[in-house]
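What follows is a group of structures, each given as structure tokens.
Next come two complexes built around subunit A: one with subunit B, the other with subunit C.
After this line comes the complex of A and B, so read on.
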């Protein structure tokens, strides 16, 4: 099966949605789920073969340095699998959550599929300009989706997000220009092959520009001002996708640039520092929030810091633990946003205090919220335990006193995380409320199913982490082993 | 050389506008200037003075005098992306003005840290 379909199917279906509106308005919300289901099946069927040998897809029929090639390795396929799974579940949730007030919703579904097509494109491409183009598809559709409801907060945060995001993309474009000027090629493998022929000083500026530009989307500390606004004022399904998928794409691209293209291991210490600051700033800000979605958004910043920290350890264990944390966060944070979505809808307010007593009124959503929170904190037997455990272990394995201190800081971050999540969970279950408002009822079945599925995923991977550690190790191998990457593209 | 100076100048002017102005429209204009600077920069990477288009239309053209076509393809794509971003930004600006009656980002502070 041709891996190009992974990108083509969501992209094609996205533009098919508005046309479908002429035939049937009711059917358009099922299209994203269909497209993403196909993507799940495709990724799963590709996974065994790419574990043995990455597939190189040549577009246009020229040999590698001259054409745009897709690099379908373990990292690309596992990321596209995660994107498809989270996207599929969130799109099922959106059947009942989006619309219902008579507004036309085809824009939502179209932009949603475009966002995921862009994300899949970024993780699969092997050409740096192509990466930029897919990245822009992702960014532009997420700007539009943040403002989808058109109310005050959404429009304001979307415009801030747009300004910051497009300055970031401009920096990426400058860096691409500089790289092209020096290497005369845009192929990532070709650049990686020739990276040692250029004076390292001339590579420093493109590297910094790329990391800054991608860091805006990845919400690394000084560049994350947009995230809490955008994630908290978007519709809950979009918050789930932005937190679960979009910011991960930024960090994936950073890892690809640092490890594969530049092989710049000297900069890892600086990235570790940024990761620690991001972790602490995110967790501390989350602690002081009284708006539930803002709290979750800040918690995402903290988690991104943790992921950056883990990836920047630079060993096989470190990178696979970072990737594991990416998947934990993708599942858990989208579960949290989905569970919070209907609770907020029923409570009619974003305040944490308005969720008091929801444990009795909406038992299943509250249970899902609690499991997502436990998984993010890292309690066994949930998925987060495995990933945090691996991060701490790989930090301690470095044996250096600096890394031991870092392990301590990660644990401090976990404690803060536990504090604010338990504060919410305590309010959900153990606060008595006035029984005045009677209309609060459980979320509809269509919304509960994806939550239950995510819970099952989180628990089953948590109980049996061996299910994915093998894949994670070969992903880490792909990121670290630049020579294999180059050889695979040029068909050695 | 002069093209690089011009391109960098445009990029910095755009960045300066985005960072110092508070009016959203002016920020969008700054963004546009920055985009133009980047496009000029990309074009000047492949530019050769008195060069020709890389098409074998008549025999005997010196290949060294051909302009590199890749940056031009990049710029075409970048222009399209830039147009999409600017259109998105302007439509957001219209919505923002309908909600707040102002475009001054200093005064629009519903969301805060």
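After this line comes the complex of A and C, so read on.
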């Protein structure tokens, strides 16, 4: 199977949705799930072969660097697998949560599928301008989806997101222009191959512009002002996708730029600093929230800081622990937003205090929420334990007092995280409420199934982390080993 | 103090950009990818307009993405404006000259737009430009006469044109193993029927962009 289908299938199905709408509006909501299911199967079937040797897909059939090429290595395939899994589960949840027979629902389902197509494109491409194009697909569809509810808050936060995101994208485009001017090529492997022929002084600004632009989407401090508003005013399915997938794409692109293209290990210390600040700012802000979705959004910022910190350690162990944390957060945070979605719907309010006593009224959703929270905090036997343990271990392995201090800071972050999550869980289970309005029902089966599936994933990877660590190590190898990357593209 | 820090930051960025720009050999034939396209473009793609051969053949995948970006922008705008309340207010009907004139010009604008996207592989222009010209015709109709586009037909055009682009790409994948491979005969350069799949894709893009931009105009009308 040609890996380009991973991008073409969601695109094609998204274009197909309006045509289906002429026959049956009701069937439209199943299309995203179908497309993403195909993507899951495709990624799984590609995984064994790319673990041995990355596949280079030439688009248009010209030799690189003259055409656009996809670099389908372990990183690309595992990311597209995660995108497809989370996207598939959230799209099933959306069957009942969003529904689908109106004009706006139709547009929602199309934009949703296009967002994930863009995300898949970013992780698979081997061309920096192509990366920008797919990044734009991802960003523009998320601006629109944040405004989906059409409320004043939603439109306002979408505009805020749009302005900050567009400034970021512009910076990326300028950086790509400067790189093209100096190297005469847009192929990532070709730039990586010639990076040493150019004076680093002239590469500094393109690198800074790229990191700033991508940092907006990755919500790195101080570029994260849009995130709490956007994630909290979007519908819960979109919050789940934005937190679970979209911001990870930003950090993936940053890692690709720093490690593969520039090989800029000198700035890792600076990135670690940014990561630590992001971690502390995010977790402390999350602690002081009384709006459940804002709390989850700020917690995403904190987690992004942790991920950036882990990736910037720059060793194989560090990078694989960072990738592990990316996947933990993708599963756990989307589970948290999905579980919170129907609880908020039933409680009729976003206030944490209005969720009191939900443990009895909506036992399964509350259980799913608690498991997501435990996994993010890093309790065994959930997935988050493995990833946080690996981060701490790779920090300590550096043996340097700076990194030992960092390990301490990560633990402090975990304690804060635990504090605010336990505050919510305590309210869910141990607060008695007046048995008044009896209208609170458990979420529908269609919404519970994806949550249960995510819980199963989190627990099974938590119990058998070996299932994924082998893949993570070869992913880290792909990111760190620039010579292999260049050789794979040019076949030398 | 704040202004001072901002000034220093701007200074650093400006000098960095200047340093990078000074290094770029403008006007010299140093860029390697560019040279390759200039020297071998016509022979490899059959399109005498090298820009078109780069946009649709060498970097056709980017164009697929760009088309999707425009599609998403139109779609998102349509979704957001659906929730807006449209005001009813008194408007003056346009003058006789304007309404007759715009109706008279409309078919010529469509014809010109079609010419631009059909000849994209021969002369400056292409699907995006042709589509924009076509949409400007619809804008004129909106301004001059009280007519509306048929949203359903436009939506159908958009989706079909997008699918045509993808299917042409997939046919390349099927026939030769490369997505968006130029699998049709390249013909004689400088004639209308040349350059293989390039004119076909530009026709699809022309229709798609025209329908999308006209749809954006329709969505942004304050009153319907």
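What we mean here is this: the second predicted complex is superposed on the first by the 486 of 492 C-alpha atoms of A that agree within 3 Å, B and C clash if a C-alpha of one lies under 4 Å from a C-alpha of the other, contacts with A are read in each partner's own complex, and residues count from 1 in each chain.
Here, a residue touches a chain if its C-beta (ideal position, glycine included) is under 8 Å from a C-beta of that chain, and two chains touch if they have at least 3 such contacts.
Everything quoted here is computed from the prediction, not taken from an experiment.
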- Go through the superposed model and pick first if A:186 touches only subunit B, second if only subunit C, both, or neither. both
Across subunit A, the partner (subunit B or subunit C) reaching more residues is C
Contacts of A:144 with subunit B and subunit C, given as first, second, both or neither = both
So, does A:473 touch the first partner subunit B, the second partner subunit C, both, or neither? neither
Query raised in the report: When the two structures are overlaid on chain A, which partner does A:285 contact: first (subunit B), second (subunit C), both, or neither?
Result: first
Have a look at where A:133 lands relative to subunit B and subunit C in the superposition and call it first, second, both or neither.
both
After superposition on the shared chain, which partner residues are touched by A:49: those of subunit B (first), subunit C (second), both, or neither? neither
Footprint intersection on subunit A (subunit B / subunit C) at 129, 133, 136, 140, 143-144, 147, 150, 155, 158, 174, 180-181, 184, 186
Listed in rising order, the residues of subunit A that touch subunit C in the complex are 2, 4, 8, 11-12, 15-19, 22, 57-62, 65-68, 103-104, 107-108, 110-111, 114, 117-118, 121, 129-130, 133-134, 136-137, 140-141, 143-145, 147-148, 150, 155, 158, 174, 178, 180-182, 184-186, 198-199, 201-206, 208
Per the touch rule, the subunit C residues reaching subunit A in their complex are 13, 16-17, 19-21, 23-24, 30-34, 36-37, 44, 57-62, 64-66, 68-69, 71-73, 75-80, 82-83, 152, 155-156, 158-160, 162-163, 166, 169-170, 172-173, 176-182
Contacts from subunit B onto subunit A in the complex sit at residues 11, 15, 18, 24, 27, 31, 34-35, 38, 41-42, 45, 68, 70-71, 74, 77-78, 81, 84-85, 88-89, 92-93, 95-96, 99-100, 105, 108, 110-111, 113
Contacts from subunit A onto subunit B in the complex sit at residues 129, 133, 136, 140, 143-144, 147, 150-153, 155-160, 162-163, 166-167, 169-170, 173-174, 176-177, 180-181, 184, 186, 228-229, 232-233, 285
